[in-house]
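In what follows, structures are represented as C-alpha cells.
In what comes next, chain A is part of two complexes: it sits with chain B in the first one and with chain C in the second one.
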Partner chain A sequence: MEALFFEKLKEILEITDRELSANDKFKEYSEWDSLANLSVIAMIDEEFGVVIDNSEFKNIQTLGELMAEIKKRTK
Partner chain B sequence: MNNVFSLKGKSILVTGASSGIGKQIAITCADNGARVLLAGRDEARLKDSLREISDESESKYSIGDLAYEENLNSLCEQCFELEGLVLNAGMVKLLPVSFIKKSDLDLIFEVNIKSTILLVQKLLKAKKIKKGASIVFISSISTQKATVGNAMYNASKGAMNAFAKTLALELAPRQIRVNIVLPGFVHTNILGVGNAENEDLKKHRLNYPMGRFGEPKDIAYLVQYLLSDASEWMTGSLIPIDGGFSLK
Partner chain C sequence: MLLSTHHNISIKGLAVAVPSGRISVDSFYPSFGEDIVQKFSEMAGVKQITRSIDQQTASDLGYIAAKKLIIEKNIDTNEIGVLVFVSQKPDYRSPATAFVLQHRLGLGKEVICLDINLACSGFVYGLQTTLSLLKNSSKKKALLITADTSNKTLSPEDRTMIMLFGDSGSAVLLEKEDQGNAVFQFGLRSNGYKFKSIITPAGAFRNRDLPNKVEEWADGIKRSDYNTHMKGMDVFGFSITDVPNLIIDFLEATKTETSHYDVVALHQANIYILKQISRKVKIPFEKIPVSIDRYGNNSSNSIPLLLADHFEGKSQVLKILISGFGAGLSWACGSIAMDTKDILPIIITDDIYTQGDFKSSEHD
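Entry: the complex of A and B
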C-alpha cells in the first residue's frame, strides 16, 4: 500500500527529484497548492476507496498520518 | 403609490427553494406581493421556507428531485400560470479534471442543466408561462472567471448561459424575458461547509474587493428587479453580481 501511495502522490505532485518519507509535512512541499489538495483527496478515493472530506484532511499533517488514516478506514 | 418594483399579482415558481439563494428569492418575492410556488427536495426545509412567508401570499410548495422526469411532470401539473420563473436548483462537486468520473458528470449535468431545460420545455408546452413573463437563471460568475476544481460545475453553468440566450431569442416575440444572474461566492451551504468561515474561505475572501462574500439577499434583490416590470426591456443579459470579484 505504501509504495502505491507514494507513487501516486509523486505522480500528482509531479515530484521526480526526490523520495517521499512518512515524516514529510506534505502541505509544506513547494508543489502543494489547492489543485494538489483536491487531487490527493480524489486519488485516495479512487485508489483506496476511502473518502476523506476536506475538513478532516486539514487536520492531517504528515504522510504517515495520512497513510494511517487510510489504513484505519480500509480495515 | 404605483411601485414598478412590486411583484403584486405575479405568480412565480422558484426551484431549489428549500435553502440558500433559492429560499431567499422565494421569501423576497412573497414579501413584495407575489404568490410563490417553492420547489425543492426536502419537505421539512420547504416547510421552514414557507413558514417565513406571510399566509396572505397563498404561496405553496412542491416536493421532488427534479433529476427525475416524473417529478418534472408533476411539478408542471401543480404549477399555476406564471408571470415569473426562477431556475435556481443546482449542485457543486469539486474535482480536478483528471479525476472526473462519468457518474459525477452525469449527476451534475442532470441536476444543473438537463432538468432545467426540460422544466422550461414542459412549462412552455403546457402554456404555464404567460405572455410578458420573466425567466431568471441563477448561473455563476465562475463561468466568466474559473476557479480550480470546478470544471464540471462551470461546464454545466456555461451550458446554462448558452441555453438561456437561445431561449431569450425564441421567446422575445411573446414579450417573455430571459436573463442570467452570475453570482460570486454567496454564504450558503452549497459546499457543505456550513456558515463557519474556515482558513480557505478567509483566503478566498481576499479576492473580493468589497471585503465580503455575498448574502442570499444580495442576489434576491437583483432577481426581484428582473422579475418586476422595472426590467421590461431587458432580455438575454448576463449580469455579474460579485462584490467586484471579477474586476481583478
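Entry: the complex of A and C
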C-alpha cells in the first residue's frame, strides 16, 4: 500500500526531485495548497475507497498518520 | 431519503437566458498566476464562465426566459396558478421576488407566488415544490423560475470561487394532464448541521453589527463577512459521498437502473465531482452531459442550462435522471421526462428592470 500511496501522492503533487517518507509533514511541502488537499482526498477515495472527513484531515500531520487512518478505515 | 411521487403532470416548455458577458479563466492569470489558474481549470473543468453586468439581477434573467416561454408557447397567463422563484440573489430583502416577476409577466391574481432560497439543489427542490403546489390547486399550469448571479457576493480575490460560478436564469412550464402515465419522482435530503459549509454570514439579520471589512481568512484569501464563503473540503467530501449514495438509494427505491435513463443531468459543480458520481453510481460518463466548461457552475440553474445546451433543437422524449446538491447542505435527485422539442434556443440578454430601481420620489 505504501508504495502505491507514495507514487500517487508524488504524481498529484508533481514531486519529481525527492522520495517521500512516512515522517514527512506533508502540509509543509511547498507543493501543498488547497487544490492539492482536494486532489489528495479524491485520490484516497479513488484508490482506497475511503473518504476522510475534512475535520479529521485537519488533525493529520504526517504521511504515516494519513496511511494509518486509511488502513483503519479500509478494515 | 424522503421520496416524493407525482402523477399526471408534464414539462411543457423550458427557456434559458444567459448574459452576454463571458470571462475566460485565462484572464485570471494576472490575479492568481498561470499555474494556479491552470490547475484549477483542469480540476474543475471550467474554461469560461458567464457574467452578468452589475445591475442585472437573477430575476432579470429569469424574467426574459419566462417571457419568451409565455410568448412561444402561447400561454394564457390566467391559467398559471403557481409561480415559484428559486434563487439566492433576490431583488430585494422583501417582498419575495416572485411578486416582482408576477407583475412583470402580467400574471393574474389567482396565483401562489413565493421564493425558495436554495442554491445548487434548487432546480430539483423547485420542481418538487412547484408540482406539489400545482397538484393541490384549481389551476392547470405553473411556472418554475430558477436563476442565480452567484458572482455578486464573491470576493474578487477568492480563487476558489470567482473562476467557478456563472450567471443565468430559466423558466420551466409545468402542466397538469387529465390522463397519462408519466410519473415524476424525487428523492430528497437536507443536512442543516452543516449550514456553515457554504454561507454568506452578513447582510441579513443575524450579524447586523459586522463591518463590511475585507480581511485575510485562515485560508489566506481576502474576503468580508458579506461575501459568500465555501468550505471547499467539506463540500467536496459531501459531493463525492452523500450525493452518489442518495442516487443509489433513489434508484433502489424507484426500482430503476441507470440504464433506464437516457440522460443523467447533474448539477455542474465541478468536472471531477461528475466523474466521481459517474464512477460510484456506475453511470457511463457518456450519459452525463457537461456544460461547466463553457458556462461554469450556475447554481440552481445548472440543470436547465445543461438541458438547453445539449438538447435544444432536437425532438425526442427523454427520460432524465437529475441531481442537484449544495448549500444547506441540501441534495436531491429525481426522475423526470420531457420532449426536447419543448426546449427553446438559449437567449442572450443584458436587459435590466430599471422600473425596479427605488427612487427617492417613492419615499412617500
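The rule is short, and it goes like this: the second predicted complex is superposed on the first by the 75 of 75 C-alpha atoms of A that agree within 3 Å, B and C clash if a C-alpha of one lies under 4 Å from a C-alpha of the other, contacts with A are read in each partner's own complex, and residues count from 1 in each chain.
The rule is short, and it goes like this: contacts are C-beta pairs under 8 Å (C-beta built on N, C-alpha and C of every residue); 3 or more make two chains touch, one makes a residue touch a chain.
The structure displayed is predicted, hence computed values, not measured ones.
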{"item": "Contacts of A:M43 with chain B and chain C, given as first, second, both or neither", "value": "first"}
{"item": "Which superposed partner A:V51 touches (first chain B, second chain C, both, neither)", "value": "second"}
{"item": "Chain B versus chain C as contact partner of A:Y29, first or second or both or neither", "value": "neither"}
{"item": "Overlap of the chain B and chain C footprints on chain A, listed as residue numbers", "value": "33-35, 38-39, 42, 45-46, 53-54"}
{"item": "Interface residues, chain A side, partner chain B - complex", "value": "33-35, 38-39, 42-43, 45-46, 53-55, 58"}
{"item": "Interfacial residue positions of chain C with respect to chain A in the complex", "value": "36, 39-40, 43, 160, 219, 231-234, 236-237, 240-241, 272, 276, 279"}
{"item": "Complex contact set, residues of chain A against chain C", "value": "33-35, 37-39, 41-42, 45-46, 51-54, 57"}
{"item": "For the chain B and chain A complex, residues of the former touching the latter", "value": "94-96, 98-99, 148-149, 192-193, 198-200"}
